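See below for the structure under consideration.
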């Protein structure tokens, strides 16, 4: 049961724990705490213009500058964050504030957007489709250049890459701001299938609650609810972030991209609606579970009461005629035992008592 | 029981599921995901001026332009959204942003109003009278032209059509903004009968809770409550939408139409009040149900306790005199069995014990 | 029990139902749905100036104009709203927007204040002292003229009428704005005795909860709580309304009347405080009830457990010595039966067992 | 138990009732409803300047004017509000708005600050140290004059009087605004000891909950919680009041006094924090109580179940061998009774059954 | 168990009690209530510039001025607050408002930032790592000078001292505003390990709830939850404080330091997220505990019911055939006793009844 809960949608333990890698209190701001066991980073560049696109692995940041000169938009993706010197090199190359580097390396940030001179720094939290945890992807946007930095390889940006490679839609004719939007949008849309899964899980749990509630059902509802709480916590900051981008980032997002940001904001609002609705349903299921269990307990108690109520008095009567008072001593001592119809009379008495009690129980509506 | 819940007012499963038809994450914005099984669309035009009105089915969008030139106000209604080329044709004809088309086709939007240059794009969620689900109707308002797009034929706009056809009230002397208002108002008013039904259901459930609560009652209250939650979720965005229209849409809604928008806003506020009140009542009913069940359980326990408390000691006494110690061996062995009045004395003892216990129970107030 | 609940303070069913009389969805705005069974309306005019006042019944609206010319302030009261032509006549005479007329006729509005050119339209919800429902009174305020429209005759304005008739205080030297304030104030103050009654009911229910809680107590607390919820819903909009009047109605309420509005606002805030406090107390009483019932159940269970715990083992011992194994066959078969002190020994054993169990129960603190 | 609750910290009944003395609905604003049984009022004046101070009882308001001319700051304290003519005389003397007089006389106002021309009118609610109720003190502040009006003699201002009399601190060199601040501050600080008492009561109740919870414990926690709710309601309005004074009362509170108001505001925020924390603790204690009781019930049920589970089957076995089937008739009739080791075998069987059941109970973890 | 709770993470009693040392109501503002038993204060100065740093203990405040003249930034740390004359001397030396001194000495303030002319006064609440209580540290920031005042020696600023001593990072090239930021940041970061501990405690409690819930588990969850509530209360005011510093303290915090404040604000927001998440988990654990206990009770009841339901009827049958009616008197009296297969038939009957009841129980799903 515990496996279920911990590997379930929610992974709350991960949720509570993934903030652990952190500089100690009092440490210098800009301290990077990297995971020494991380695989070596891979730097992939996807550069494109209206006509064409090119992809290559780079190992030298100088090459990046060349590409930036050649192509209208360059997208650099860094796949692993375990290499502190590389991070610092990127930081220097792009002239980043050291706090930006700290936020890139020290995972566990909330989704947010911050301006540092001509660089827009965006943190995205992206859900794992199979688990309930979220991953941090950092975005650096500058005129003509977008850098994405992520802890693990394998991401939700393949759809965007495809659109760039094959020139689908308008992505190749737009600038780096549109690419940034497309990446944010892909991150946001990633939440939909996760919530769909949660919806399916809720359906199946609802069936269980109505048909065969077990303590495990309870544990799973709790786990699901907790997962929804943690998704909610990941989605909410997007709202504020997109609001901020629409309000303050006019220098970066051109007028033509603004409606797309608003559309993305709409998606976030719908996600929030959805996750709130599912949380309500999960809470309701918990109450239903408890009510169902309480109803069953009630039924159990009724059966016990009916059986005990009917048979305890009968047993008493049988007990009375099982007493050993000696009828031979006096005619007051259990004369019934010597009656010709004593036994049938006793059985009749029992039947009447049982009937009366059943009638009482019936009238109470317990049957 | 489950049928009841799922076909009840609420249809929450539909509610959680109707967001499924959606482009995959990373897909190009403006991707339309249409339902291939939808019936072919029907385009109906209702054009009118102060003096007269005309209705016709059109199949060519060019005809629409002619009508727009002939009549002060033209209302185009599209009945089914399964035909992607048609949607794209309408989009091009009206010069719509591709995000508008996406929102029209991908159902599951919240009620909202958005401006795209000279077009006002409005999404309405309209409740099904018989079920608990809501349907999306999109509204495009431009000077002299209103387009409504809906998934299913059969809508709540027949009252408005009648007013146009027969020239009731002032609708024919006003412009397209008044028509848009009339359609929004019809959508909002559609919630009243749905909430009235919910009120009747609450009344009947209250009777059940007081008279004969069953687990099914519980399930129905839960279902009703969930339905109210989903109605609430559908109604709330109207508030924001109407606020926005009153505040920002002066270019479209002329001064004379403004008081009508405010009236419509008042209706929404009353709907919110009503749905909140019903939700409170439903919550209260849930608590009442649980209290009632708990009270009954209490009563069951009392009966069990009284029966057991009275008869268990009596049975013990009978058991004692049913023991087989041999009085012949010594005069200490169950001499009572040989007393002349032993049996009556034993019955008397039982009677006294029973009386004492009943008195105890009585004093406790359990009878 | 149900009678109690439904005729109690709350009348929630009325509360949920009195919104029924309403035009159908899609109907023309301004549609009046009047109650055909209502008594014929009575139009009473009370006109006054600093020196004198006069009262008369009018049947012709022309007479109203004459009075307006003669007296500084004219107060027209309409007592029943069943006469649609009359309502329309008043509307035309005062040049009212058709939406105002709709709100006057279609009861169930929230308290609110709206401006239509030079007319201030106010809706007041006034509680019935004896029941828990609220009634709608509409107020039209124009320079020198106040019109009140109410569904039923008999209102809470008699105090104001008296002050006008006998020239008490400054009411006759002030204008129509002060009269409007006085009427709003009377409506607000009407809630105090209703809440006082609720306070008394809470006191009596608290006594019941502590002394003799019955399921009926529960039902009455629930009913009271629901009544308080509905009063709260009626009072809250006053706050917004008075805020609006203080902020925006300077053209109607002169500087000298402003402090009175603020005083009225203070009363509303105190009413809200009071109703919230009573709701808290009612919620607490519900919890107390449940706790008390749970405590009693606990006590019942303890008695059952003590009786059963003590006597079931004793009965078992008696049962053992009631077995019929034949001591004659071997000396292993129930030799106790043949002991000279077998019976006293058995009783002693029972006594010891009973004592031990009672000691156990005592040590557990269940006695 | 009830005495405890009602005389406890909370006095909620008083809380709900002390709003009773009130003019009837529809009454003229400015109507004073005084308590006819109140003792005759005492007017005490404390006048001071940087150098000296004087105290005297005055009976003539003319004397007040003289003092005002002689001393920089005059503080008039009125001790009882039962004398309507005196109140009206004060009102006229100070040229007060009649609504101010109404609020002074009709107790039950919330803490608030209002400006009437050059007079600042402040209502303070001050807690009784020994009980849970609050008392209203009205403050009128004008240049050089502070008037305090209270229902009962005996107040929390003795500390301030002392500072004035002995010229401690800077109070004598400051103006009437500083005196007003000092009085407000004394009123606010009065809440600290009351909350300290509540904290001690919470500690003692926590001990009871863990060691010996009784229904009385429950009642006392409820009473304490209700008292905290009513204190909270009394403290909150101070926040708004002080905010208002800091924001709008620059004409009265000079720059040098502003930091003191901010300090006072800080105290109020800490009081609110404290009372919220205590309310949380009280709610937690309620839950702990219920959980503890439920745990005990659980234990009771387990004992019952173990006893019944073990002995009921044993009694059945004994019952079987107590049947009277006649072994003489056939060798199938209870041959065990005639076995040489029948009785030991039966006891062994019982022992095995009991052992098995105990093992089952043990494995379930119920021991 | 109580020890656990009180010495646990939360120390709520301390939390509710550490506000006790406080001037009496009505006392002069600026009254210092110091702890007479506190150790003598230690004044340590750490002065630094870009090139070098020096540390010394000072006893004379005149020396402070010298250091201020010599070094760009001087940090004075005062370790104990028991010496009232010293506090007053510092106050005079720095020309502090007496209310600042009052807040420094009277512990129990909330975190806040206040401006007094050219001095920024900041209160920090810092958590104890080992316990659940928080300590107050006051910060005075002036151009070139930072003073920290704390009740106990031993603090969380050692990391900052190290950075100054060894010139790590940029701390030595920045001014006193950066030092103030570094101290605030160290205080904020101190909460992370405390919340990590709480996370670990939650994990261990979750294991207990699922594997072996005891009443002690309940008590510990409650204690933990209370501790989280008190941490939350300590963290929240930081948010407002940092907002205020970013908004209003431009005169003190130079542009280069602003991003650091924003970073610090981000940390606070994440702490709030974290503590809210943990509170949710703790609440959930409480519910899980109750549900688990209720499930177990349910199981107990089922076993009792099954045993009683099966054996009570069997015992009744045995009781019937244990009655002593005399078969010799008539052929109606218990003829079964004389049947050749009477005993086997009775056993068979019992077997059938038992089988039937078990089948009933099975069908109910109670096994």
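A few comments on the model shown:
For clarity, chains are labelled A, B, C, D and E in written order, and residue numbers in each chain start from 1.
The rule we apply is simple: contacts are C-beta pairs under 8 Å (C-beta built on N, C-alpha and C of every residue); 3 or more make two chains touch, one makes a residue touch a chain.
Everything numeric in this text was worked out from a predicted model, so none of it was measured.
The minimum number of touch steps separating chain A from chain D is 2. Between chain D and chain E, the least number of touching-chain steps is 1. In this entry, chain B maps onto chain D through a rotation of 145 degrees when their C-alpha atoms are superposed, rounded to the nearest 5.
Chain geometry summary: the mean Cα position of chain A and that of chain E are 25 Å apart. Distance between chain centres (mean CA atoms), chain C to chain E: 41 Å. Residues of chain A in contact with at least two other chains: 294, 297, 301, 304, 308, 312, 315, 319, 322-324, 334.
Passing around the ring starting with chain A, then chain E, and so on, the chain order reads A, E, D, C, B. Every residue of chain A that touches chain B in the complex is listed here, in rising order: 156-160, 162-163, 168-169, 171, 182, 185-186, 189-190, 192-193, 196, 199, 202-203, 207, 210, 259-260, 262-263, 266, 269-270, 273-274, 277-278, 280-281, 284, 287-288, 291-292, 294-295, 297-298, 301-302, 304-305, 308-309, 312-313, 315-316, 319-320, 322-326, 329-330, 332-334, 364-366. Chain A contributes residues 1-2, 12-13, 15-17, 19-20, 22-30, 97, 99, 102-103, 108-110, 112, 114, 116, 212, 215, 218-219, 222, 225-226, 229-230, 233, 286, 289-290, 293-294, 296-297, 299-301, 303-304, 307-308, 311-312, 314-315, 318-319, 321-324, 327, 334, 336-344, 346-347, 350 to its touches with chain E in the complex.
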